[in-house]
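Chain nomenclature is as follows: A, B, C and D, assigned in order of appearance, with residue numbering initiated at 1 for each chain independently.
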Amino acid sequence: MSKLHEKCGVFGVYGTERQSARLIMFGLTALQHRGQESAGIAVCDTDGEKGNIFCHKGMGLVSEVFHAGIADKLYGNIGVGHVRYSTTGASSIENAQPVTFNYIKGTLATVHNGNLTNTDELREALLKEGLVFRSDTDTEVLASLIAKERASCGSIEEAVKRASKRLKGSYAVIVMSPRKLVAVRDPYGLKPLCLGRVGDTYVIASESCALSSVGAKLIRDIAPGEILTVSADGLSSEFNSVSQKHAHCVFEYIYFARLDSKIDGVDVYSARFKSGEALAESAPVKADIVTGVPDSGLTAAMGYSSRSGIPFALAFHKNSYLGRTFIKPTEKERSSAVKLKLNVIESVVKGKDIVLIDDSIVRGTTIANLIKDLKAAGAGRVHVRISSPPFLYPCFYGTDVPDNSALIANANNTEEIRKRIGADSLYYARIEDLKRMTGDLPLCSACFDGKYPVD
Amino acid sequence: MSKLHEKCGVFGVYGTERQSARLIMFGLTALQHRGQESAGIAVCDTDGEKGNIFCHKGMGLVSEVFHAGIADKLYGNIGVGHVRYSTTGASSIENAQPVTFNYIKGTLATVHNGNLTNTDELREALLKEGLVFRSDTDTEVLASLIAKERASCGSIEEAVKRASKRLKGSYAVIVMSPRKLVAVRDPYGLKPLCLGRVGDTYVIASESCALSSVGAKLIRDIAPGEILTVSADGLSSEFNSVSQKHAHCVFEYIYFARLDSKIDGVDVYSARFKSGEALAESAPVKADIVTGVPDSGLTAAMGYSSRSGIPFALAFHKNSYLGRTFIKPTEKERSSAVKLKLNVIESVVKGKDIVLIDDSIVRGTTIANLIKDLKAAGAGRVHVRISSPPFLYPCFYGTDVPDNSALIANANNTEEIRKRIGADSLYYARIEDLKRMTGDLPLCSACFDGKYPVD
Amino acid sequence: MSKLHEKCGVFGVYGTERQSARLIMFGLTALQHRGQESAGIAVCDTDGEKGNIFCHKGMGLVSEVFHAGIADKLYGNIGVGHVRYSTTGASSIENAQPVTFNYIKGTLATVHNGNLTNTDELREALLKEGLVFRSDTDTEVLASLIAKERASCGSIEEAVKRASKRLKGSYAVIVMSPRKLVAVRDPYGLKPLCLGRVGDTYVIASESCALSSVGAKLIRDIAPGEILTVSADGLSSEFNSVSQKHAHCVFEYIYFARLDSKIDGVDVYSARFKSGEALAESAPVKADIVTGVPDSGLTAAMGYSSRSGIPFALAFHKNSYLGRTFIKPTEKERSSAVKLKLNVIESVVKGKDIVLIDDSIVRGTTIANLIKDLKAAGAGRVHVRISSPPFLYPCFYGTDVPDNSALIANANNTEEIRKRIGADSLYYARIEDLKRMTGDLPLCSACFDGKYPVD
Amino acid sequence: MSKLHEKCGVFGVYGTERQSARLIMFGLTALQHRGQESAGIAVCDTDGEKGNIFCHKGMGLVSEVFHAGIADKLYGNIGVGHVRYSTTGASSIENAQPVTFNYIKGTLATVHNGNLTNTDELREALLKEGLVFRSDTDTEVLASLIAKERASCGSIEEAVKRASKRLKGSYAVIVMSPRKLVAVRDPYGLKPLCLGRVGDTYVIASESCALSSVGAKLIRDIAPGEILTVSADGLSSEFNSVSQKHAHCVFEYIYFARLDSKIDGVDVYSARFKSGEALAESAPVKADIVTGVPDSGLTAAMGYSSRSGIPFALAFHKNSYLGRTFIKPTEKERSSAVKLKLNVIESVVKGKDIVLIDDSIVRGTTIANLIKDLKAAGAGRVHVRISSPPFLYPCFYGTDVPDNSALIANANNTEEIRKRIGADSLYYARIEDLKRMTGDLPLCSACFDGKYPVD
C-alpha cells in the first residue's frame, strides 16, 4: 500500500419513483474512488408493506456487483447505498454494507463512512445486554445502538440523536427506516456529507460529485452535528450537540475527494490548485517544466506552474486498463523494467529539469521509482514538491495509513528522505500553507501536527 | 459509436526464456487502447517438439482473458500476441487472433493489424483451390495465403514475401513458425510496427510504448515494405517491393497511439502538442482558459495554451471506474441529467470563456453535450477547436468510422456544425497544418483529402 | 413441486487434525439429498486463538460452494456444516447456515435441521430484549436464544439445555463453541441425528450414510431429548426433558433418508422393502411385472415383487445429467412429448400388465404422466400401489408440502384419484402397515392421521 | 479411467419451425451419456439467406453450454448437434463439434461419431493440396474431404458419397448444407444411427432414446453404408458400397447405449437382461442375492436373478450429486475410507453370499474396492460375473481403452484376476454367449476375439 485510503462512500435517496436503486447505483459509481472492495444497496417502498427491505451487496466494483440488471429488481422509492474500502484484512461479504436487520420496531438499513473510536466499549456494553454481532465493523455496532435506542423512544430520528450522543470518532451516516431517511454527521464534521435535489427527489451523498452525476443540485452540506430527517413531511433538522469546534478532514482536499466535488463550501479543484501555488511561493526552484504524479498530483502541478511561470507538462502516461484482476509483474520482472501503470513520456522529459508534484509520501518507494524512470529517460534535475506536510501522527478517524515503521517521515528527516528517493531537492507544504487551500475552514490536520479534535 | 476505432495491436517476442507468454501479456496490456474486444497469445519452444504451439485466446481485456495464471502455463521462448477491436458486428471468439493452424510444413501462428482491401478476391482464389474458412477475418485469408506459398518455397520468410506481393491495403503482421518470427509491414507503412530489445530478447510491437512497458529499448521502426526475420541466427531483413511513396496513418498521431509512443521517428505527445500550437496560430481567440476533452484532447490543449498564453485548466473529471460491464443510463435517465463518464468541474469553468479542444468530431453528439454541460455550469463563451480537419472520406485501411450518413461533416458545413453543437466558434485544423505535427513524415490523410496512397 | 421436501442436513466433527473442513465437505456431499439450495461450513481450532471461526457458505451444491480448494483453506480441528433445502421463497444467502456470530462469551456457530413451531413467540421475546435479526430463519432465533442463555450460565452445554426447554417443534442441532461441539435432539426425536467415530475423531450427522462416507462407524443415535457434548474430555451427555413419548418422522423411512442409512435402529432399505411386502399382502393383484418410480419407488417395488412372486423390472430410465441448470421444456414442447427425466423402456412394458409403486402422491400430475407414457408404450393394465397412506394433514415439523388445495388427496377419494391419474387400480398403504416398516419404533405419522406428538 | 468410453453422440433435425435448436438441445441431453466434454449445435434456415449458419459450442454438459436461453437465439429449421467425449488429452474447444466452415460452395456443418483409421493418410493428402487444419480431429479431415469433393460434383449427397469411399474406420455422420441434411453410416454399421419423425419433422440420432425424448417415433435405423438425404423433397437414399458384412459394435449393447434405446433392431435392456441369463446358465453358483455394479451392471443382474432364482437386491447406493466439479478425496483420505460415489447398503449384504455382476473389468481396481467394501460390511462369499468376455485386443473404431499395460486381462489369466480383485469366484461371459444378447445380429467383437471387420 503506497497510498492513503479513505474508508467509504455513502449515498441516500428519498424520491417518488420506485427506481431509486438505479439512482443509487449511479451515485455510488461516482463515489467509486472512495472504495472498491464491496458495494451494496438497500431500498424500501414507503407506500408498500412496512419494513419490506430489498437489499443486494457483494464484493467488487458497483458495476460488477450490480451487473445484469440487478438494480432494476430492487423496488423502492427510498434507499441507501455504500461503497467500501477495507482498511483491515477482513475483506469479506460479512463486512459489506448496508447493514440491514429486523428489530423490535421493524426494519433498519444503515450505511456509514468514518471510524468510531469507542467501538470496543460500545460493543462490550451491547454484548452485555445479550446482543450478538455478525461482523467486525463499527457500523454494525452503531446500527445496533440505534435499534436499541429506538426501542425506548418515539421516532427513528430521536433514536439516531440518542445514539449519536454515545458515539466518539468520525461518522457520516444514513439510516433508512421504512418511512424515513435520517442522515447524521459527527459534531466535528470530520467526514463529508451533503444534501441535493433533483426534481422532487432528495439525495444525500458523501460528495457533491455524486449529486451532479445523477443530475441533482447541491442544496447544502449537512452541518457538523446535524441530524437531518427526510420524510413525507419534507426536511426537518436538529442538532445533537453544540460543539462549535469543527474539524474537517484535510485529506479530503489533498487527496480523497473527487476533483469536481465541493465540500463544506470549498471546491476541491481550487484547493489543490492553490496548494500548488503555495508550494511555488514557499519552495521555488528553477526548472524547465512542472509535472505531477497522475492523477492526484496534476492539479497542484498546474497551480505551481501558474504561480511560477514554469510550463506545465505531462511526464507520465497512466494505463487506464489495469483493473482489479490485472496480473502484476513479479519482483524479477519489475527489476528487469516491466512497468505497466505509469510510463514516462520521454520526449517531454529528455534534457529537462523538472518540478515533480505529488500529494504525499507514504513509504517513498513509488516516488523513488518514478524519479529513477525520469532520469533513465534523460531528465536533468528532479525537484520534488509535496502538497501536504510530512505524515507524522496516526489517524483515528478512518484514514488508512501503514503503521509507523513503514512511514518514511517517521524515521527520516527531509534531507534523508530526499536522498532515499533520489530527488535533487525536496520540499513539503508547511502546516500554515494548508490555510491557503481552504481559507478559513476549520480543519483536522492531526496527522501532520498531532492536534486531535477529540480528546 | 462516437469515436473512431483502430483495429488491433500486435506483439511478438523472440527470447531465450520459456516465459515469453508473460512478456507478451504485459506488452498487450500496454497496447490495450488499440483493442478491447478480444486478446490472444500463441507461443512455441524453438528447442521443443517442432511445431507444438500453445495458444489461448478469449473475449475481453488482456487481464480478463489471461486471469488466474493462464499465461504462466503457456511455455515457449517465442510467441505472438494480439488485442482486437471489432469493427463489425461479428464480435466472436472465432474471429479472435492469433490465427493458428497446421499445414503441410508444420504449424503457423499469425497476428495482424490493418485491413486488406482485396480480401474477397484473395479468399475467392483460395476457396477455388479447395481451402475452407472458419472466420470472416482478412487475417485468416492472409495466413492461409502464407501457408499456401510456404508449401512451394524454401522458407517462411520467403513465403511471407511472396504472399505480401499479393496483398493490397494496410498490414502490420507478425508470423510465428516453430523456429522463427517474421514481421512484415505494408509498402506504404500505413500501420505502425517497431523493433526493440531487452537483454538478449527481441521484441516487436505495434507501438514503442509496449516496448518500454516490458523494459525494452526501441531499436528502430520496421520499414515500410520490410520483411524482418528473427531466428537463432539473429536478425535479417529484405524488402518485398520498392515503393518509395510512404503514407503513415495520420490518425495514429491525432488519436490512436499512446502518448508515450514514438512512431516512425515522431513522438506522439509532441505531435499532439504541436497540433494545438498550430490551432492557436490559425484559429486564435480571446478566452480565459484552454481545456481539452479527456483524455485525447488534453495534449493539444496544452499546446494551444503554450502558444496563446491562455492558461490551461482541467474542465472535466473523467470517471476511471467505468469498465466494460458498466450499466449505462437509459435515455430517460440521461435526459434527467444522469451523467457518469465526464463531469464538469464547475469551479474551473464558472464565468469563464473557454477554448475547448478535441481531436475530431464524428457525430457531434458528444461535444454538443459537453458544451451544454459547460454552459449549465456557468461557462461563458465556448470556442471549439478540432485538432484534425473534417472527416470527409472513408478509410479503407482499418479505421472504423460510421457510414457517411452519420458523419456530421458530410452533410453540414462548419458553420452548420457550430450551430448544431452549440459552440460560439468552431475551427478545424487545416490539412496543411498536419505537417506541423509530423514534419516531413509522409502521411496518409485520405480521410481528410481523399488522396489514397493505393489506387 | 411434485415431491415432498426435507429441510436440511447437519454434520459436525470433533477431531485432532486441522483439516476437519474437508471431512465436513465429504459428509455434506453424502447428505446432499437433504438439501441443494445452499451449503456452509464453519470450523475452529481448539488449540488456536479462542473463538476464531472460519466460515464459508454459498448458494448451490456442496461441490459448487466449495470449489477450487476452498475447504482446504478453512483450518480447524472442530467444525459444523449444513446443507439447506429452502421451503419458502426466501432462497437467499442470508438464510444459509451455519449461523455464526460473536456474543458476550465469544463465538458460536449453529446448524439446525427441523422446524420450531414457536419461532414467532421466541423471536418476539428476543426482539423485546433488544436483539436484532438478519434472516427469516428459526435457526437464527434458536442460536440467539442459546447465546442469551449462555450469558447467564456456566457452560455452553448448560445454555443449550436451558434454551432447548423453551423450544417447541422439531430440531436436530449442532452447536460449536470454540472448544466444544454440543448436539441436541428434540424430546420426540422427530429429526434424526447420530454419532460415529473414525480413528480418534467424533462425527455427528443427520444420517448414518454420512458417517460411512467418511469412513466412520455408527456408535449410536443421539437419543430424543439428549444433549451430547464432545470436548477435550471426551463425550458427556444429559437430558433436557423426560418425554417418554417418542415420535420419529415416518417420512425419513418412506422417502427422505438415503437407502444406505440406519436411523434410530431401523435400516432404511429394509423399511422400504418391507413396505412393498406389506402392499403385496394388503393390495395384491395379478400382473406381469412390478416396477417402481425411480429412484424412490424401486426398493418398495422389490419388496412387492419378493412377496408377490411377480418379477421385478425397470420400466423407466432416469437421465442422471439433468443438473440444476437444466433447461426445462416449455408447456408446448411437453405437450408434443418432449420428455427428458424419465423415459419408458418400451421393451420392458410392451404388452405387460404392470404394478407401479411410488412412495406418495402429492399433486398426482407426475404419476398421471408416467401412466400415460406406459400405456403409450404398449403397457396393458397399470396398477398403482403407494407405499404411504394418503397425505391429509399439514406437517409443522419441517416437511415441505404444498398447501391443501394442491394436495390431490384432500379433495378426492381414492377412486376419484385413480380415475384422475388413469390407473387401472390404486391402493395406498394403510396406517397400520407403517408398523411393518419400522417395527416397534414410535413414529410421527401426523401427516396421515392428524395425531401430532406435541400439543 | 476405469471405464471404457464411447466418443460421441450426434443429432440432426429437418423441420418446419425455426426452433430446431431447442429440439437438438433436448436430443443431445438424452445422448449426454455418450459424451460430457463438449456440446455444440449449428442451425440454418432453409428459407433464409443461403448458408447463414448459427453455431454455438462450448466445453461441458449440454445444460452448461446452452444455459441462459442460448439455444433460443439460434434460429433455423434444420440443424445438427453433437456431444463429445474426449479420448485424448486434447480436451479443447478447438476440437468441439459441429465443425463449420465456408468453402467454395457455401457453408457446411458436420458432426461425427466414430474413428477413422486412415486419418493421417487423408490429412496428408489434403495438406499437400494446401489445406490447413485448426484441430486434431478426424472430423475436420472428414469435413474438409467432403468440401473438396463437393467442389467438383453436383450435390452435397454426391460429395458425401464420394468422400465416404475414401474413408476407413467407423463413422456415423450428419452433414448440414444450407438446404439439406445428409446422414451417412460406415459400410459395416460399426456406429449406430437412426431415423425418426415427430409431426412433419425428421430427426436423426445416434440412439433411439434421443428420438423418444423429443417425442419422435423411430422409423428405422440408417443402414450400414447408406447415404440418407433429407431435403424439401423428403427422404432419398443411396448406398456407397455393397459390403454385405455388417459388424455392429457389441459394446453398445454391453455398456454404451442407454437402457431405453433400440439399436439395429435389438432392445438394449433385453440384450443386457439376456446377458445375465446367459451367465446364470454358463456360470451358476449358490448365493443369497444377486446384485450389480450401478448402473451398468444392474440389468444383467436382474437377468441372472430371473434365470437362477436367486433374489435380486441393491447392494450399493450411488450418489447422484457428484457432478463434474466434485472435489475428489486425496489418496490419504481414500485410504482412511472416505468414499463418496458408491456406498454399500449394509443391511442388504450382511451375512449374505453375493453374486456381483459388472459389464467389464478394465483395470480391476474399482471392482476390487467394491468387493473389499462388501466384505467389510459383513458379506460372505462374493462371486463376480462379468457380462462380457475379457478385453484382449485394441479397438480402432472409437472405443477408448487404456493401453495394454493397464488392461488387467492382458497380463493375467482369470484365476490371477480373481485373486487380485479378491473375489471368491470369477467368470466372464464367453464369446459364444454374445449371440444370446443380440440374436442373429452381426457384431464386431474384435476387442474380445481380434477379428476386425476391416483389414
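Just so we're on the same page, contacts are C-beta pairs under 8 Å (C-beta built on N, C-alpha and C of every residue); 3 or more make two chains touch, one makes a residue touch a chain.
What you see is a predicted model; the values in this text were computed from it and never measured.
Which chains lie in contact with each of chain B and chain D?
none
So which chain is farthest from chain C, going by the mean of the CA atoms in each chain?
The most distant chain relative to chain C turns out to be B.
Go ahead and note the Å separation of the Cα centroids belonging to chain C and chain D.
The separation of the two C-alpha centroids amounts to 36 Å.
Measure off the straight-line distance from the CA centroid of chain B to the CA centroid of chain C, and report it in whole Å.
Whole-Å distance between the two chain centres: 61.
Could you say which residues in chain C touch two or more other chains, in rising order?
none
Report the complete set of touching chain pairs.
A-B, A-C, B-D, C-D
Which residues of chain B touch chain D once you look at their complex with the stated criterion?
100-104, 108, 127-134, 143-144, 147-148, 151
Which bits of chain D are touching chain C when the two form their complex?
Spelled out, the residues of chain D in touch with chain C are 22-23, 25-26, 29-30, 32-33, 36, 61-64, 66-67, 69, 71, 198-199, 209, 212-215, 258-260, 262, 267, 269-270, 295, 298-299, 302, 306, 311-314, 317, 319-323, 325-327, 329, 333, 336-340, 343-348.
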